[in-house]
Amino acid sequence: MHYVAIAAQPLDVNALYEKLKAPQFGGIVTFIGTVRQWTDDVETTSLDYTAYTEMAVKELTKLAVEVEAKGANVIIVHRVGHLELTDEAVFVGVAAAHRGEAFKWCEYLIDTVKKQVPIWKKEYDTDKIRWGGPNDVQR
Amino acid sequence: MHYVAIAAQPLDVNALYEKLKAPQFGGIVTFIGTVRQWTDDVETTSLDYTAYTEMAVKELTKLAVEVEAKGANVIIVHRVGHLELTDEAVFVGVAAAHRGEAFKWCEYLIDTVKKQVPIWKKEYDTDKIRWGGPNDVQR
Amino acid sequence: MMFNVKLFAILAEQIGRSEVELSIATPITAATVKAALQAQFPQTAAVLADCLVAINQTFVSEEHFAPDEVSEIALIPPVSGG
Amino acid sequence: MMFNVKLFAILAEQIGRSEVELSIATPITAATVKAALQAQFPQTAAVLADCLVAINQTFVSEEHFAPDEVSEIALIPPVSGG
């Protein structure tokens, strides 16, 4: 059963992981995006995430339902608010029968979240503030 | 800095995850293998894992060092002993600068662990006991 | 007709508000929404070029909407979650 | 010469021991180790066909070892970790 959310509080990674476990699934893949200090020669000190929350939850739900229909448990939670270095920005977890599917579906989900879910990053770098970061491509 | 182990006690997934975090890494991918109930029409009730522990640790260390040399933190811990359904058998975690690398390296590590690290599964199925499981191919 | 339009991220920052009331030509499409914002806030033109439009919390492009089909309009700057 | 050889998993179960002392022809190779086990425990032939040999905790195949180079020998049935 999927669980998706936009969260104003720090992500409880362990609690989210525990929700994925089930006897029919043998492979659990999680992706956790954390706030990184360096992007090439740009140094980040902190981030603010904002979201169009209601629409973001709808988009996340669509994605989770799509992957769960193939046979999986899916969890996607994205943080909003102010984040410091190493704080968790996003948790994407997939439990599936076999590991190949779990890897493939987890990567698909985070790739798609980054492309089409209405969430925005305002990045505080040491040289200036950037909406979307220095290289707003798939990284 | 890598951490590898053969563990006789249940895996503390959260503590292992926490070891991966670092300001230079923005993408953390973990694979957790859990004891699955069904493999096609074979029902598993529990497993015993045994290892050639000293050699297994050497093999895991080689793998971790190889991947960390590309720029990553790596954790690989495999459980031995008696496991029940949904218990964690293996934790493989990779923290890297970008998510594509973290996915690729994590999958490479678990694929390779399953192929060449001296660890063995004795599977208690409802019809009989199987060394290696019903389909000892990459699943 | 007058509609409230939600703004986010860099667009909200540029205009200093998270919602504006705009006069939008009907039938409503992504293009008429964008044209309405640009008419009232020409300084948004560069950002607006990269924005998407969501009507009733769904991305739209060529679709046409009658006024009574529209309960929520939003301008979506390039997303950067994850 | 006599050497202790470690056994694991199904092989240990078949023989009922986790280590056996075997007379192995020198120089030592994967083939001489396997031949030695099969000579003493012919019932292991089928399993042995799929086994690898580790000398000093490293998989070996064609390499030759003098007796004084060998500190540990193990027979490795098909692994099934993960």
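In order of appearance the chains are A, B, C and D, and numbering begins at 1 in each one.
By our rule, a residue touches a chain if its C-beta (ideal position, glycine included) is under 8 Å from a C-beta of that chain, and two chains touch if they have at least 3 such contacts.
Computed from a predicted structure; not experimentally measured.
Hopping across touching chains, the smallest step count from chain B to chain C is 2. Taking each chain's centre as the mean of its C-alpha atoms, chain B lies 26 Å from chain D.
Note on chain placement: the centre of chain C and the centre of chain D lie 72 Å apart, centres being C-alpha means. Note on chain placement: the centre of chain A and the centre of chain D lie 48 Å apart, centres being C-alpha means. Shared interface positions of chain A, i.e. residues touching 2 or more other chains, are given as 33, 110.
Within chain C, residues 82 each touch two or more of the remaining chains.
Pairwise, the chains that make contact are A-B, A-C, B-D. By the touch criterion given at the top, residues 13-14, 17, 21-38, 85-86, 97-100, 102-103, 106-107, 110, 138-139 of chain A touch chain B in their complex.
Across the complex, chain D is touched by residues 33, 49-52, 54-56, 58, 78, 89-90, 110, 113-122, 131-133, 136 of chain B. Considering their complex, residues 6, 8-10, 13, 54, 57-59, 74, 76-82 of chain D touch chain B.
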